[in-house]
Amino acid sequence: MAKKKIGVKTSQKRKSKIHRKLGKAPGTITYVGSREVSKSKVDILEYNSDFFEAHIPGNIEQIVAHKDIPTCSWVNIIGLTDEVFIEKIGKQFGLNPLILEDTVNIHQRPKVDEYDGYIFGVFKMLYIDESNALVGEHIALVLLENCVLLFQEMEEDVFNGVRNRIENNLGHVRNMKSDYLFFALLDAIIDNYFEVLEYINHKIEILEEEVYENPTNDVAQRIQQLKKEVLKIRKWIYPVKELVGRLIDSENTLITKDTKLFLKDAEDHAVEINENLQIYREMSMSLMEMYMTNISNKMNEVMKVLTIMASIFIPLTFIAGIYGMNFDNMPELHTQNGYFVVLGIMVLLFIGMLIYFKNKRWL
Amino acid sequence: MAKKKIGVKTSQKRKSKIHRKLGKAPGTITYVGSREVSKSKVDILEYNSDFFEAHIPGNIEQIVAHKDIPTCSWVNIIGLTDEVFIEKIGKQFGLNPLILEDTVNIHQRPKVDEYDGYIFGVFKMLYIDESNALVGEHIALVLLENCVLLFQEMEEDVFNGVRNRIENNLGHVRNMKSDYLFFALLDAIIDNYFEVLEYINHKIEILEEEVYENPTNDVAQRIQQLKKEVLKIRKWIYPVKELVGRLIDSENTLITKDTKLFLKDAEDHAVEINENLQIYREMSMSLMEMYMTNISNKMNEVMKVLTIMASIFIPLTFIAGIYGMNFDNMPELHTQNGYFVVLGIMVLLFIGMLIYFKNKRWL
Amino acid sequence: MAKKKIGVKTSQKRKSKIHRKLGKAPGTITYVGSREVSKSKVDILEYNSDFFEAHIPGNIEQIVAHKDIPTCSWVNIIGLTDEVFIEKIGKQFGLNPLILEDTVNIHQRPKVDEYDGYIFGVFKMLYIDESNALVGEHIALVLLENCVLLFQEMEEDVFNGVRNRIENNLGHVRNMKSDYLFFALLDAIIDNYFEVLEYINHKIEILEEEVYENPTNDVAQRIQQLKKEVLKIRKWIYPVKELVGRLIDSENTLITKDTKLFLKDAEDHAVEINENLQIYREMSMSLMEMYMTNISNKMNEVMKVLTIMASIFIPLTFIAGIYGMNFDNMPELHTQNGYFVVLGIMVLLFIGMLIYFKNKRWL
Amino acid sequence: MAKKKIGVKTSQKRKSKIHRKLGKAPGTITYVGSREVSKSKVDILEYNSDFFEAHIPGNIEQIVAHKDIPTCSWVNIIGLTDEVFIEKIGKQFGLNPLILEDTVNIHQRPKVDEYDGYIFGVFKMLYIDESNALVGEHIALVLLENCVLLFQEMEEDVFNGVRNRIENNLGHVRNMKSDYLFFALLDAIIDNYFEVLEYINHKIEILEEEVYENPTNDVAQRIQQLKKEVLKIRKWIYPVKELVGRLIDSENTLITKDTKLFLKDAEDHAVEINENLQIYREMSMSLMEMYMTNISNKMNEVMKVLTIMASIFIPLTFIAGIYGMNFDNMPELHTQNGYFVVLGIMVLLFIGMLIYFKNKRWL
Amino acid sequence: MAKKKIGVKTSQKRKSKIHRKLGKAPGTITYVGSREVSKSKVDILEYNSDFFEAHIPGNIEQIVAHKDIPTCSWVNIIGLTDEVFIEKIGKQFGLNPLILEDTVNIHQRPKVDEYDGYIFGVFKMLYIDESNALVGEHIALVLLENCVLLFQEMEEDVFNGVRNRIENNLGHVRNMKSDYLFFALLDAIIDNYFEVLEYINHKIEILEEEVYENPTNDVAQRIQQLKKEVLKIRKWIYPVKELVGRLIDSENTLITKDTKLFLKDAEDHAVEINENLQIYREMSMSLMEMYMTNISNKMNEVMKVLTIMASIFIPLTFIAGIYGMNFDNMPELHTQNGYFVVLGIMVLLFIGMLIYFKNKRWL
């Protein structure tokens, strides 16, 4: 059934979370996604305005070293199932256990928290994969003085543009500090939301066409699923605008004034995304209304066919019935042209009915 | 009828409240639940970082003693029908009569009040019992300097995780003060709301399936009951987010800065719960819409069957009727093959109709 | 018609107000209810912690005297048609003419105004009378230093509990000042709103049952009337929460800090009432939706009966029609068992149809 | 068609405005109503506590003189088409051209602006004329030190009560300054909104009755028109509450503290009007819902008649059809009582059907 | 199909934007409209109170020169596809690259940003072109000390009134500084929104008529399209009110107090436009409701015809069927007047039915 394919890939794991986490102490670092433990992979991009290097560190010490190197580093940790490793990283970078909990909790809603010496953010990275399904991947970002930690669930991401700009020294990224990198990653996530909106828009357009042309029961189900999908996406996307706004208003010295100008731009995009989501929501509700209208119209058409057929032939059958009666004394039956007169009357009645329905615009 | 089983266990007792309480002075301590008076039970957990003891006190003095002992105590009072006992406890701990009234008033909506020397909170503890019914139990919490008073209606609760962490010295609870215990209990209540959301989600999924497959009248009733249930749960859960926020913003010295970090986490959960509740509300409204759509579709199908049957056979019957007439002069009747010609015409008409309805996609 | 009985007793008098008041100067004291002038009655309860007396004053001077007596007095003026008398009282107590206008204007919405030396409030006292109808009675309260003036339209009221507590020295009322009396009266009004909610709830439950069992046209009308009634009650009850809040925040010395604690409790109740009203509103809207669903279901059932009957018998009638034709050459007619074969075919068709509809779950 | 009579008299002139005004400089004084230029009429009421005079000034100088006379003057300018005249008045009284533009722009939404030395307000005066139609007349008020300018479109107005109070020295108006006159005029406008609410209420009641008794297509149209009318009235009335509130909060010395008390009363009325408008809006939406319900009920009734007729007679006709067949060997035909037995069976079937439908409560 | 013509001309280009822009660095100046690169055209209006000159500059230097000339200049750049040219202009005028990005991004939602030395705004200029289609043109405005830069997509615009007022020295524009020009352009854009509202209003009126007279499926589609169009227009128009308000509250010295008075007027208009949009939105939703009602009414009419025809003729046919039976012993058949009696009964039944349906008001 189409119904089974709804939603977004992470949407069915809440249950496991609850049963596994209930009763644990707050601050316990527990990965709550679908569990196939595997070692996290790490790769690091180190750069400043005239230097660039990408490498895969051999051990944790090599990772943590980047905390104090004056060049800017992007530490990318892929895979959130290896809780022990993530806890170690967290300790070495001096992060609060509560944020490590949020890092591996893939159901955490988007948030931004400021701590002494670092800023922590959780977002949903949404993209459309090759099979044209919407994927919601959990992303955690930590902004430190010289370094950005990026935790992501899977290897696919939306950051190739940023990588490219760093490698080839395009745009401002190589000339600015880690806060700009933080912005650039966030901006890439937000920009990709437009693609998700496209995906929703496309679905709406297809359904719209089907509603007009072939409003089957299945279409109604798919409209309902779309409405659910929009509700879920909204839950992930909606808070982003406010979070970016909070970063802009923050007095934390980690974020420079220059970067705030760029963040303002990102906030603009987030506002536009929210507005569009709202429009898509109303459009998906209109779809349902339109569906109901079409069903009613179809029913009307069915009823008209029935009414026309019945209204024309029932009286005619009645006339035939009269002359099918077996009374001894029925003078008409014995006239020479009675049969043809009756046939003539029937034809006239038939034509009269047609004209009547024509006038009513039912034909 | 399924209708009778709606709602949540406490929902039918408002009436008794009104008739019993109207006219009493404010501040009168009157239990308003379903009345089967029974002595309250008390048990106490006393602990600090290297000490732990659970005991059942023999008399009130033994309970009140814990107010001044420097170790942290969790005084758990089970059963709210014994008003005299609760009034005594209240007096000994120096609590305002108004809060004692709220303690035993199981219809009190969630609230938090700060007083000199203690903080008082009322919450609904929601859980699913063995018979898979949703239970809403009235909980009152009092945070004092070295001690937390927990008043609960029945023996079942959601605090076994907390008890376990205290006994086995897991997490932070043994190393922190009574405010952390207060948080831990509140956190357990909030965490359990996720289970209630699951329960609602599960109901929605079942109804969704039935709406598509077998939209009987009974399904419509159950959808309406679900909507009511969500409204009632929302009434209990919705205020919690704001109340936790108020604790965080409080300047009361009873709550330390460390605990506030944890409360912030709990607030995050409360926000998420509220968002999900909102989504479930919209989904339950969509269910009804979907139900109506399915009813319309069924009707349409019924009408099509009727129209097809009538449209095919009424004209054929009419033709048979013509040749059933008894006119003396009906030349066709006396031809050799008249009967077979008419049968042939009928078959052609029948096939023509089938093709017509096929083209209209009614078949 | 049931329609005529809607609403609440005062709801049809607006017209008279308009035509009588338009053009009068603001501050003119004009009673606007259904006019049957009658003298106002006054009775007074005077008390302090160890003294209590109830008497009916002989003249206005005896009433006004209570303004300056240090004991606390509750001056109860019943009947608002005697404008001259009320104006006199107002002058003697030094009240602003504008508030006297509000006192006798029974359409005034709830309000609280603070003046130098007194606080003025207008509320709707709602109760269910013996004939089980909802009554909305206009109440004006004036809090003075040592005295509370209570203006009410009719003799029935909801203050017997307060009278009893004063007479028998129950609760705090005898030990506190006039501000507590003011609170106690307001609290009695608010507490009675719960009874009104019960009344609404009861109506909803009855309609719910009827919607499921017998959704006649009359039920739809009564649902609409219920919705109107809830709208009107909401207009009277909704502002109360905010007004009580304003009293709590007031810096007027007339209201002591102790009384404010009690007012806070009353505010809690007002919040709960507003929440419940909101829930009842949504429930009454659901009722209408449910009604529509049931109507659709009934229609569906009707259509099924028609379709089954027509689909089974129309083809059978057609077959009978064929063999009722009068062609000379119809070989089947002359076989020995033709009739029985045709009857057999008809029975098979009949059974086939039944199975078909059984499979479609229409039977 | 009834449709053409909707709305309110000024509602069809927007188009002309646009085509006439587009491209003109802001501040250009252009009358935008339906244009039949005619000279404005002016009359003046001059008064203080012991003096009163009404006169019609001969020229502009006589008008402007009132600006500096210490007695209070009410300058009433009737007719807004004479732009030249109004511009002259404006200049002489030292008014900003922008407010003169608003004065003659009869589409200007309600507003209040404060300038040095005067306060300017635009309102809609709504009343029901003799032909029982709702009239919306554009009103501009200017409050100066000793004088109020009142601009109005037509001669009819709602100020006769105020005129009467001035002439006959009723109420406070003669003893107070121009700000009280300003209030009194505004109060008269607001008080008249109650009459408009009555008018709407009356329309709702009539439609309600028709919805129940005779839900024709025309009724649906009139409900829609009512909804539109309420939307338009709301646009004019809704802002008034806030504007009065702004006058109350104003620190302008033109408005005395005493007058503010009266304005507060007017604000109360505005709040009530807005609440009622909201209620009428919801009621008009309920009307449509009720209409749909009644249509469904009618349809249901129609279907029942059809189903009963068809279900009873189609099987009977089938039986008659069987015995109308012409098989040679049909033993029943030749029995003595076959005919009567079949008739008996038919009667039994008929009665059985009636009982069946009776049980289903369709009869 | 009408469906294809929806919306507004720019609405289908989002896709291209996404695929072209994703991955580019923020601040990259990329035109995202439908790409047919063409050189931008520039023309300049230079004026002060006694001087006026219009010319087309030969090169960029001539354009930039106007930055420092004390006379006021309106630099009008038409065509946004020539990114290189626009980047040059931007650099020469010292504009931030981020605002140049917004200048050429025709999907940018309305915004106002203040920078040191200039104010930047993006708006949608909406107008109805000759083919009666709604056009949404992207407009960027930069206010500098002595000069306003106006970027527009196409040559058509709504500024001819402003041009005329400058040329012929009408209104205030020649006597004031560049901020007034900025206002005048913005005011022209806002004033034109009224025309768009007219356009929507006209569409609503046409659809309203069609809904009543001929509610075809196509009308339903057009109503849905109208709803979408209103949603989209709202997205462009709605933010303007707030943006103008921000300009009024701005402390930037570029905007003088005098101009703020005019901006206040423009804000008033924006408020009115938003209110009207809201009304049109509700009216378009009512249209759909009305459509559904009309469909139901039509269905009702169809059903009535069917029911009347079937209810009259089915019983009559049954009677005819009885006397068509071939029993040997049917005494009525052999009476002299049996046939005529039966015919008489049929006529009576027919008339009785007609009276019955007449009484039910179905005829």
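By written order: A, B, C, D and E. Residues from 1 in each chain.
One rule holds in what follows: a contact is a pair of C-beta atoms (placed from the backbone, for glycine too) under 8 Å apart; a residue touches a chain by one contact, two chains touch by 3 or more.
Note that the structure is a prediction, hence the values are computed from the model and not measured.
Using the contact threshold fixed earlier, the set of chains in contact with both chain A and chain E is empty. Note: Cα superposition of chain B onto chain E, rotation of 145 degrees, nearest 5.
Both chain A and chain B derive from one sequence, and where they touch, under half of the residue numbers involved are common to the two copies. The distance from the centre of chain C to the centre of chain E, each centre being the mean of the chain's C-alpha atoms, comes to 43 Å.
Centre-to-centre separation between chain C and chain D, using Cα means, comes to 27 Å.
Taken residue by residue, chain E touches two or more other chains at 292, 296, 299, 303, 306, 310, 314, 317, 321, 324-326, 330, whereas all remaining positions touch fewer.
Residues 160-161, 164-165, 170-173, 184, 187-188, 191-192, 194-195, 198, 201, 208, 212, 261-262, 265-266, 268, 271-272, 275, 279, 282-283, 286, 289-290, 292-294, 296-297, 299-300, 303-304, 306-307, 310-311, 314-315, 317-318, 321-322, 324-330, 361-362 of chain A are the ones touching chain E in the complex. Against chain E, in their complex, chain D makes its touches with residues 3, 14-15, 17-18, 21-28, 96, 98, 108-109, 111, 214, 217, 220-221, 224, 227-228, 231-232, 235, 288, 291-292, 295-296, 298-299, 302-303, 305-306, 309-310, 313-314, 316-317, 320-321, 323-326, 330, 332-339, 342-343, 346.
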